[in-house]
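What follows is a single structure, written as structure tokens, with notes after it.
For reference, chains read A, B, C and D in written order, and residue numbers begin at 1 within each chain.
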Amino acid sequence: MDIYNFTTLTHNIHTGLAQSFAPWLATTIEWVIVGVAYLLFVALFGLFLVYAERKVCAAFQQRLGPMRVGKWGLLQTIADFIKLLMKELIMPRKADWFLYNLAPFIVIIASFLAIAALPFAPGLQSMDFDIGVFYLTAVSSVGVIGILLAGWSSNNKYSLIGAMRSGAQILSYELSVSLSLLTMVVFAGTMQFSAIVEGQRDAWFIFSGHIPAIIAFVVFLIAGTAETNRGPFDLAEAESELVAGFHTEYSGIKFAMFFLAEYINLFIISAVAATVFLGGWMPLHFGNLESFNHVMDFIPPVIWFFGKVLFVIFVIMWFKWTFPRLRVDQILTLEWKYLLPINLVNILLMALVVLTKFHF
Amino acid sequence: MTKEELISYLTGNFPEAEVKSGAQYAEMTVKASDLHETAVQLKDTAELSFDYVFCLTGVDYAENMGIIYHIESVEHRHTIVLKVRTADRLNPVIDTVSDVWITAKYHEREAYDLLGIHFNNHTDLRRLFLEDGWGFPLRKDYVDEIRIVER
Amino acid sequence: MKSFIEYIVSIFKGVWTLLVGMKVTAKYFFTPWNNVTQQYPENRDTLVMFDRFRGEVIMPHTENNEHLCTGCGICELNCPNGSIEIISKSIITPEGKKKRIIDQHIYHLGMCTLCNLCVKACPTGAIVMGQKFEHAVWDRALLTKVLNQPGSKIAEGVKE
Amino acid sequence: MSEIREVIIKTDKLATDKYQVNMGPQHPSTHGVLRLLVTLEGEKVLNVQPHSGYIHSGIEKMCEAISYPQIIHLTDRMDYLSAHMNNEAVALCVENALQVEVPDRVKYIRTIMDELARLASHQLWWCVFGMDLGALTTFFYGLRDREHILDIFEETCGARMTVSYSTPGGLMFDIHPNFQKRVKDFIKYFRTKLPEYDKLLSGNVILRERTEGIGHLSYKDAIDFGVTGPSGRASGFSCDVRKHNPYSAYPFVKFNEILDHRCDTLARYEVRILEMYESLNIIEQLIDNIPEGDYAVKMKGVLKLPEGEFYQRVETARGEFGVFIVSDGKKNPYRVKFRSPGFSNLFALNNMTKGHKIADLVAIMSTLDLIIPDIDR
């Protein structure tokens, strides 16, 4: 197991830097390394997700998807990205210059903030807050400010409607995301991500927490999809109604930022679901099956983590490409009349389960 | 009512109108001044109850404009062709029947747009397809040297 | 209480209908060999159009460079768009008679709606519909074609 | 800006106002170049004003300059999804005027083609309806199945959409030798796929929630506005021309007119789905019984209609289509009027959408199944 632990590696880098440079310089260099690593990861994984989404949706629709650029269209998203980089940046004449240009950055910064708290593998985590869950729910909803600003400043009615929808939607669904996570916090007894993962060494929470955990998982998936503005909750950009919603007026790299942020958010929601419900980087363990558990241990934690994330992403894509979009009043009905009561009851149920120790 | 019954009924009840049997449907020609009253009667008489206008055509006859209404009764399933001619060809004016049959409102707008027939009392008589100041393309004397190529 | 049960039942029923829909898409996801997409420019060699497919009007020529067109102009008359122009010329036959034959059968593909009326009307069957459908060109002038090949003549035995 | 501020200061309340949005001419859900001037209050639709004419092509004017067989190819281009029905309407009108009786074979083939075209049109409508509601996958499933019909068309008629197959006096060609086998294969195939449509979309709770009780068009309004076709029948308006004024081989087949009295978007949706089943039934009754005979009557080289007025109604996929020909005895018509179903259906939109949300407007417009060239002509 220890060969897969990144703690030693990061620790060695830190001590090496601390020995050769002044403390402030060492810290700065570490920041830069971490920042560059995250940037690279986000850009590459974002591109991969776009490609995956196109291929997955093509498979659902009995198509082939991109096939022209590179083998099986593997370079398609890179080509698209280069095209977006080279595109002219167009701004409506009466748009609010400052807010219009600020909005994409807010959206993408919010995504970066959220990604920082996620544990990818033992030791591979930049900030291990003891209130990690709380931090994540807090920063992940900053993005809505960017969306609201984008819609408001574009001087386009479609954008404005999209932004307002998005505001109402994200504010509502933030509740369900937090409450379903809270259910699991009740179960885990901690808000620290590394501790939550550690708590799932013997059994993932979705198994050990049985019914309330499964309900929380489903609610989290639904609310999480709504948080990322993905179908069937893509009201903010609903192309058949609002053309492209809040990013109608954005072009080139600014559009790419919204686009990338959407996919990072997808990754974040999936990663949180994987961490809190599916054991993060913990291998699959079954109570007393020693040999089975041992075999599972040989698969590196990073692969476990990304495997789970990709599975959750697949499920989210699956229902995006199956369901029709909800209407704006229905989306609020779903939250306030269905998800929220279910969630509250579910927390009670979870508390009972924890108190009576009726779990595995 | 069958076509023959309809013709005899109409001849009896609309003495002013000229009723004859067309190739397919009963045809009734009325004076422009009687149009609106006739329309109301056609719709409101229980035996007729012509409530569904399925076609409204404006035709440019050489000396005047004609408007032809194809009307069906959903209840009795009989059909009538109501015809009317305007007095003038260059400035054709006729009463609207859009208050009797709502769908006529839009067909009349089309007739106004393409033939320039003006409908009195129409609430929303604007051009439908073409720009203001285009001319009336379905009139026989319409010329457009750029877009129409004579062969 | 009754409404509460209905509420719970409505949740499960709703989720069930969603799962039924997801099953349909999943079925297609896991059977990718049923995909219907054709890789068009790659499958050009194997792509066969139906024999009646109307791609363009062509005038078939024999290997002796002979066609069946008498230049009567019926196709020109039947064309609703004016996409056919017949230019005929007078020649003197070896027997010394004056005769009008086709000089150029001009066909404007850009104006053609492929309605088949000219082919149907042709008394000698000189023009037929071709199956070629890749008509994109860089210059609009290339869409005007002369159907009879240069130097071609009318086949023997075609009734005037 | 300052006015709004004054209002806020005066009333101590947030000032709200109506605003107008142009939906179209370039908008993904108008399926063409239709402009809707929508007055909104927040998300609520207060008024919808359709502005058409963006692809007005003057087909009626063009018809006055060409002969009767030449009109056929123009009718293809109005309602391109029911191209064959439009062809048939003109052909029937001319045949009636000349009092030509076409052989039974022609009638049978025309009817089969009609129903195939109706199926293809409803399939495409289903695709787009799903897409307008945000379920993009339906689009590809519908197109996948439509491809089979288009292949049948292509093999027999030579074109996929603008078929120009019915001509005055009969058909352009006889059916292809493969035709019957292909149609039977298709029916077998489509009977397995159609229930899938129901599983994927019809039963879906989101679709039900979004369509039930939305876009109410009462029976009386349907007649008043002349809303025909599946949209009208979903309001209980029995307007099936195939039933009331049968033409071609429709008198020989047994079929039901699908009526629904719920008057909402869901009713219009389900009427179309049921019509697809009904079309399959009609084709099944005819396909094995196509009588032998000529595929066309020998017509004169130049068709001249007797002086008079001729009207022909047919049922296209969108509703009642009518051809009105005024003839003065020459080889080209004096006046041709096409009564297109989309034209009347469009103007009922305002009545149906009042008070609903923007998303409902899209759904309602989609169930009216508007084809813009059909409206503009």
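In the analysis below, contacts are C-beta pairs under 8 Å (C-beta built on N, C-alpha and C of every residue); 3 or more make two chains touch, one makes a residue touch a chain.
Worth saying up front: this structure is predicted, and the values here are computed from it rather than measured.
A.B. asks: What is the identifier of the chain with the smallest separation between its Cα mean and the overall Cα mean?
C.D. replies: Answer for the innermost chain: D.
A.B. asks: If you take the mean of the Cα atoms for each chain, which one ends up farthest from chain A?
C.D. replies: The chain lying farthest from chain A is B.
A.B. asks: Where are there more C-beta contacts: C-D or A-C?
C.D. replies: Counting C-beta pairs in contact for C-D and A-C gives the edge to C-D.
A.B. asks: Just give me the whole-number Å value for how far the CA centre of chain A lies from that of chain B.
C.D. replies: 64
A.B. asks: Rounded to the nearest whole Å, what is the centre-to-centre distance of chain C and chain D, using the mean of the C-alpha atoms as each centre?
C.D. replies: A distance of 25 Å separates the two centres.
A.B. asks: Distance between chain B and chain C based on Cα centroids, please, to the nearest Å.
C.D. replies: 41
A.B. asks: Between chain A and chain C, tell me the centre distance in angstrom, where each centre is the average of that chain's C-alpha atoms.
C.D. replies: About 51 Å, centre to centre.
A.B. asks: Send over the residues of chain B in touch with two or more other chains.
C.D. replies: 151
A.B. asks: Could you say which residues in chain D touch two or more other chains, in rising order?
C.D. replies: Each of 137, 144, 200-201, 204, 206 in chain D touches at least two other chains.
A.B. asks: Give the residues of chain A that touch two or more other chains, as numbers and ranges in rising order.
C.D. replies: Counting only residues that touch two or more other chains, chain A contributes 60-63, 321-323.
A.B. asks: Hey, which chains are touching each other here?
C.D. replies: By the stated definition, chains touch in these pairs: A-C, A-D, B-D, C-D.
A.B. asks: So in the complex, the part of chain C that touches chain D is made up of which residues?
C.D. replies: 13-15, 17-18, 20-21, 23-25, 36, 50, 52-54, 78, 80, 113-117, 120, 129
A.B. asks: Can you list the chain B residues touching chain D in their complex?
C.D. replies: On the chain B side, the touching residues are 22-25, 51-55, 57, 59-60, 68, 70, 74, 77, 81, 101-103, 105-107, 110, 114, 127-130, 137-138, 142, 148, 151.
A.B. asks: Touching chain A in the complex: which residues of chain C?
C.D. replies: Residue positions touching the partner: 11, 18, 21-22, 24-26, 28-29, 32, 34-37, 39.
A.B. asks: Quick check on the complex: what are the chain A residues that touch chain C?
C.D. replies: Spelled out, the residues of chain A in touch with chain C are 56, 59-64, 67, 318-319, 321-323, 338, 342.
A.B. asks: Where on chain D is chain B touching in the complex?
C.D. replies: Touching chain B from chain D are residues 52-53, 56, 58, 60-61, 65, 96-97, 221, 223-226, 228, 237-239, 244, 308-311, 313, 320, 322, 324, 326, 334-335, 337, 339, 343-344, 347, 376.
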